[in-house]
Amino acid sequence: MTELIKEQHLLDSLTSAFKIKGRVIRDRRVEVFADKKMVSGILLFAKKQLGFIHLAHMTCIDWIDENKFELIYTIWSPIEKIHLFVKTKIERENPEMENIDSIWDQANTYEREIREMFGIQFPGLIGEQDFALEDWDEMPPMRKDFDTKKYALETYYQRPGREDAKDVRETISERSGTKVPDFAKKYSREK
Amino acid sequence: MEDLGLKIFGAILTTILGFTVGMTYGGIVRKLTARVQNRYGPPFYQNFLDLLKLQVKKTNIAHGFMGHMAPVWIIIAAVTVLLFIPILNGNLWFPNMSFHGDLIFLLYMMVFGSLGMALGAGQSGNPNSAIGVSRGLSQMVGFEIPFVLSLVALMIQYETTSVQELTQIQHETGVWNAISNPFAFLAALFASLGMFRYSPFDIVGAPAELASGPVSEFGGKYLGTMMSGGAIFAFIKLTLYVHLFLGGAGNPDNTGIIATLLGLGVLLIKTFTLYMVPVFYGWINPRYRTEQAIQYFWRWPTALGIIGVIWAVYS
Amino acid sequence: MINDKDSQKIVDYIQNFARKQSLFVMAYGTGCGAIEIPATMTSRYDAERFGIRGAATPRQADVLLITGYLATKTLKRVIRVYEQMQEPKYVIGFGSCTINGGMYFDSYNTINALEQYIPVDVYINGCMPRPESVISGFVKLQELIQQGKADNGKKYRENLEWYRTNQKKIIKNWKMPDYNW
Amino acid sequence: MNIFFLIILIFFSGAILSFIINRIAPKFSGITTFVTIAVVSFLFFTQVEINSITQFSLGGIQMQFGVNNYTYIFAILVLGLSLLASLFSIKYMQDNDRLGYFYSNFILSIAGMVGIIFSRDFISFFIFWEIMTWSSYLIVIYDGARSSRSGLKYMIFSAIGAYAMLTAIVSIKGSYGTFIISEAIENGAFNFTDHIYIPIMLLVGFAVKAALMPLHVWAPNAYSKSPMSFTAIFSGAMSKMGILGMGLVLASVYSHSTDENAFNVLILRQILGWLGGITAVMATIYALIQTDAKKLLAYSSVAQLGYIIVGLSTGTKLGVMAALFLAIIHAVFKGALFMVAGAVERQVGTTDMTKISGLIRKMPFTFFTALVSIIALAGIPPLGGFVGKWMLYEALITESNNYFLVIVIFFSSTAAFMYSYRFLFGLFLGQEEKEIEHVKEAPVTMIIPMVILALILIVTGVYPGILFEPIAQGMQYLGYSDVNWDMSVLVNVWGEESNMAYINLTIGVVFVVIFIFLTLKNLKGTRYVGTKDISTSGEIPTENENLTFQLDFFKPFQRAAAPLYKRSMDKIWNDLGNALEAIFDFTRRIYTGNGQTYALFVIIFLVILLIFKNTLFTN
Amino acid sequence: MVITPIHYIVVPLIAAFAIPLLSKIHKELFRIVPGIVMFYNIIISFVLMKEVNEVGYISEIIAGWEAPWGINLMITPFSGFLASLISVLGFLIWLYQYRFKKVIDVDEIKSYGILQMMMITGAIGIIITGDIFNLFVFMEIVAITAVSLTSFYRGRDGAEAGFKYLLIGGFASALILLAILILYTQVGTLNMAEIAEKMHTIPLGIKSTILILFIVGFGIEAEMFPLNGWAPDAYSQAPGPTSAAFAGIVVKAGIYGLIRVIYTLFDIEGAFDFLIIAGLVTMIIAEFSAVKQKNLKRMLAYSSIGQMGLVLIAFGIGTKTAVFAALFLMFNHAIIKSLLFMTGSILMYNSKDKTISSIHGIAKNLPFVSIMFAIGAFAIVGLPPFSGFWSKLYVLTAAADKEMIMLIIAILGVSIVEIVYYFRVVNKLYFATDIEHLDIFKPSNNSLIAMGILTITIIVIGFYPDLITGYLHNAADILLDRSSYIDFVLKANVPIQ
């Protein structure tokens, strides 16, 4: 780990400033876990003080077992050449997150997508309710508890002969001599 | 009355000829283009099939009265102009009303069709159509300048504004205007690049940019009629060029059937050769922007045209 | 004379021949299939020798080529384009996705069978179909046209109720203009 | 009572009457105007004998009234157009205030024009000219503060022109001892040998009204700011008064030109011709970037007047005939077009083309007029405009050998297609605007004059001879002998002829055939759809969305022709105006307001005079 | 009743002394008596004018001493014309100011009517006298009354303007007096006809010096550049009716002095050319300055100066047509500029800061005044069919007869400038309605009548100039005939014994 000095240094400066946990994943990858309320402060600090001027990406993961959404902000410093992942978890019930499009304009796009796909509200977000979908009034489709197959079967005409569509992961894993991991089985389409 | 009957017959004959030749040339160009692109290409009669298909479409959409009238205007302009230029020099088979018409009339009458089409396109309300019209009119202002310069050069060189007269003079002296006033010819040739709207001057239709420009909203019989008008116009422009610069075709002293056919042959050869100029130029050039196209015409072709006029005055 | 059956046959033959030999294609490049179109049209496969060429607007087009999966959002546009085309008009479904949803069969926003929403003349199978199969599909369409079996515009008009029901089922907010059929 | 005095009396009493009637019943103000003009027209065309002369003296100056063949052309034009415009005006001006003011000035300006027509001496000519000018000025500023600036501009330029003219007039009196026009011509006032400035000054005076470059800058604003029913006359007839004068002067100059001054005349001819040509080009390219239909038409008027001046400048038979023919045709179609703009303005409330589109379904008759007039304007066969253009080109190429001017004119004429199309497209075509759904066709009294003008255009296109007859007689008065004309055949100097009737017959036949073919062919299969139903890559425009392409319509052309747009005459005049203002400011400062300074002035003046007394005063 | 020129002087003088007494009887008589006097003046003028037009000259000898020893009053058609013009204007101005609120409200109202009347009397005196010293005396009367009228409103500005006028006017008096002194030393007489007869005996150097002194002296009154510094202030600060009187009466008297001196007294070469140059410079500078003025009355003042320049030009051309034109011009200027000052004053009283921009759209409230102002403006810039056109035309014709093309261009060029500033005002009067005018100062009916008479005159003369041209031609003829004037005074009028 001696070669990851700049990463470690970055992590140190962040943890000392905010009292948060974090780790160096590998070279040029650093992640920190922050409380919901601290996120915007960390991002602003990273942007203004540490040179992370670019919001590369922003996404969301639905940890349905923990009953939490995890929001991940990926920011990039062209000087340090490090990707910093700022992760935070928020409750699934009435999810709400601070709007950061005042820090980066492009956050608006990501936030609208997340709002549409996961139903997370960002107060003060400008833009139409519809982002990619049109006239969608069901549960936000990227949530784990949304059953897309059931929805498709109900909504769309299914051509006969398509019922044999089986979960082929078993077969593929057998063919390649590996095992299907447990977590994958959990989310199998065939309950 | 007998004369009138002959004229009507001749008019129909001329129209059919112009239409056929124009369509065929278009087909041949498609074939040649395909060969240049290392393709097999459609048959040379493909244009006829396209036209027939368009004409037998079962439904047609018009956006209003001007939309309905647009193809009519084009055909009026095409046929009228066709009737007023000599197809074969002094041949009675073709009614050749050009005794009465002259170059200025032809210049303006050609615009008649464009204006009609522009109005039709305008009424459709499609923004692409309007943009196409705007570009087309702009480009027209571009290429008309060298074109008119070359025509003026011819007019003052021979003191006539009649196409028929110009052809006759070339026939009598045996010297083509292209040789007696090469600058004017070159200017006109450059202008023809814009006139035929092949690449790089295909900014009006501009595939992949404006849908198909002014005709965006036309289909079926309207599009078909416009296509026939366009084909006749192609023939008109070519014939006009041949008669103005390339010595014309036909022998006024001999109007027998064989001589007529011979004359037609000469006409076809000359027109086809001329037609290849813009087509060749188009194969190797990508599309200009509108202002580039206009400025293109306002530079060298205009200079050539001015030299041509001076040449005509002092020779 | 026109009412004469034989002469009508001849007229039909000629008309169908022209229609078959001159197909203006409105390629609706919805999915990954769009990449196959250039290959089909250019030097190597040269679809133009069959009289197939691109059309820029639906007004001029004869064939609507749906190349790939159709999201519900896209379907709305496809229906509009189809309705703007003028008869006779043909539709080619291109790729597995248009047939049964393909790999998107369980997606929450992709339709699974195109012919439920607009009448389809020819399906071309494959994911993606290669240009050869595309051309073969077109040739099949040409055969149908020659036989006079391919006029689905009329079918659509006659069964408009049924198609509309299907369309409205998935396009919830129906804000399409009404056409004076 | 003498018929001329009677006409003037009727006009003036009509003006006063319409002013008074407005106080009592505003509705009848317009009708009074119409009746006044109708009565005068009737009297003029029935009672006035051509070439009769009435002599009288006013203020010690001999004056003559009378009509000759040449001015008779303009009489037809002025009275005909005024009659139609006043009919149009009744409904157009209906809802406005201060109708009395408008109509009395309306009548006065027409009185001015008619007076100009039958003045045979320069003084009454000038008086009527000025009456016409200030009454039209008062109409230009009718619209209030918005137009007061353009009104002032108009008045200043008119004054420049009028005073140039007055200079020439008094110089004629001083040098040739007469105010009578025909006598002045006989005495050689326009010989162009000595007193060259006399015809030039007169030409400058007329050129202002004819909006010749560089004196045209008032025209676009004045034309577009005054009420349209007046602009129809303003641009159609009043500008022709300038043409009337120019034609008279130029014809005399040319017919009296001798070998000694041939070169001078040639220079004059070239300068005028080129000025006309440049006017045409510049006005055209400015017309096509306008977004206000009225302004577009105003610039277009300037351009068209440029053609007419080019025709006059040739001085050849065909050229002058072309100019006069174009003058009449221009009056007709521009009158019609301004009426169209007026009708649109009244029905829609604006003529901004970026705000209007798709009126064709709402106002079909208006569109018909606009279409016919635009075809005539663009000079496309088979309408009258083409005949004029044809003669102009023939004259330039065959008679005056001014080849490059042909190109300039042709460029302008081709570019004119662009703004012609812009006008039709901007107002009538394109998608229908949601906001103007309520719009209806204009009232009948507005439609009738427009349609009459459109029909005149069609008839003169087929039988230009109708107009050639009076023009030929008028030209004989100007000294052009042996003017040939035929009912429908155009002949150039080289003996080539074009038969308009023949051409029209051909066009008509082809039209009928194709139209029937297209209309009957699968009649049931043809669907007429609304303009919202367009192929927009599948996207559906909403109700309020208007996709019509209106802004920066000719942007590419503008970019291509950018050098032409750089120099603007307006700017040059503005700079000149600013420089003058600076001078005015400087002179104002001479008066310091300080008594001592003034006393100093007196002493200095006294001293200077005493010093220089021997040079100043001699026995 | 025999009417003789002496009535011009005697009646007002008696009236002036009588007014304070009469006012004890009734208050209104203050204002009415001057009007009666003015009206009587008109009667005298018309009678005399008719007579003089037939006879040629009328002479009246005062105190029994014959010319050249005594003082004589001379009525020529020229002076008769001016006298009637001044009388008519005087009466109209009286009519205008009668019940003129802004004048009545001031305390010095008693003196106002008398001053006005005396000013007019002085002006007429200048015109009809045949004695050069007498002329100087009348000049002084005019100057003194004018100065006191200028500072009538006892404000700071009025006082300043009055002071300037006093200063420059003092120069004028001194110079004229000096000129008369030198003249007297040379020829030993004060009678103008005799001076004129003996003029050729004076050496050129002295002669031109005298002329220059006269020119500068009268030039000050005639508003010649650069001697006219007093004028804009005086015009703008004086009460409305007085401004009109200045333009119509005082300036005319100054011009008369100048012309009488140059045309009758002197026989010197170059004086006419000098008049043209001086007039041209005056006109150009004044009209240019007028453009930038913000105060309407100042603008009118400059315009008035410019018009005077034009009159000087016309006199300078010196031909018969030119003199006729100059007379016509004087006539026009008197009636039009009076009208403009009358209407303009009313407009100005309605503006808070006395600027043109503050009377935007006032035509709505003052329709008649505005339209009369507009007609005045149209007339003064010379638009037909108003009277101003004809005079301008005759001036130009006169210039053209001498082929002075540059002069014509200059006159007309300046006319364009005139159009600019007058039409700017007309535009503003009518077509800017963004300012609300509340307490409007409206003219009384008698003012309206006075202005209306002037307006109608402008229009009538515009349509039918022959009404006065005949008389003016006659006046011009006789003005140019220097020897007959001398002969009449010195020979024909000598009583045969």
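Just so it is clear, A, B, C, D and E label the chains in written order, and each chain counts residues from 1 on its own.
Everything that follows uses one rule, which is that a residue touches a chain if its C-beta (ideal position, glycine included) is under 8 Å from a C-beta of that chain, and two chains touch if they have at least 3 such contacts.
Source: prediction; values computed, not measured.
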Identify the chains in contact with chain A as well as chain E, in label order.
none
Through how few touching steps can chain D be joined to chain E?
1
Which chain has its C-alpha centroid at the greatest distance from the C-alpha centroid of chain C?
E
Higher number of C-beta pairs in contact (A-C or B-D) found for B-D
Central subunit by CA centre of mass proxy
D
Greatest centre-to-centre gap (Cα means) from chain D is with chain A
Distance between the CA centroids of chain A and chain D (whole Å) is 72
When centres are defined as mean Cα positions, the distance from chain C to chain E in whole Å is 97
In whole angstrom, how far does the Cα centroid of chain B sit from the Cα centroid of chain E?
79
Just curious, how far off is chain B from chain A if you go by their C-alpha centres, in Å?
63
For chain C, residues contacting two or more additional chains
57, 59, 76, 84, 87
Interchain contacts (touch definition) - all pairs:
A-C, B-C, B-D, C-D, D-E
Tell me, which parts of chain B touch chain D in their complex?
55, 57-66, 68-69, 71-72, 75-76, 79-80, 83-84, 97, 100-102, 104-105, 108-109, 111-112, 114-115, 118-119, 122-127, 130-131, 133-135, 137-138, 140-142, 144-145, 148-149, 152, 155-156, 159-162, 165, 211, 216-217, 220-222, 225, 289-292, 294-295, 298, 306, 309, 313
If we count contacts the way the header does, which residues on chain C are in touch with chain A in the complex?
72-73, 76, 99-101, 105-113, 116, 166, 169-173
Sort out for me which residues of chain D touch chain B in the complex.
357-358, 360-361, 371, 375, 378-381, 386, 389-390, 393-394, 397-398, 401, 403-404, 406-407, 410-411, 414-415, 417-418, 420-421, 424-425, 429-432, 492, 494, 496-499, 502-503, 506-507, 510-511, 514-515, 518-519, 521-522, 525-536, 547-549, 553-554, 556-557, 559-561
In the complex, the residues of chain A that touch chain C are 132-135, 137-138, 141, 146, 148-149, 151-153, 155-159, 161-162, 165, 189
Taking the touch rule as given, give the residues of chain D at its contact with chain C in the complex, in rising order.
525, 527, 529, 532-533, 535, 537-540
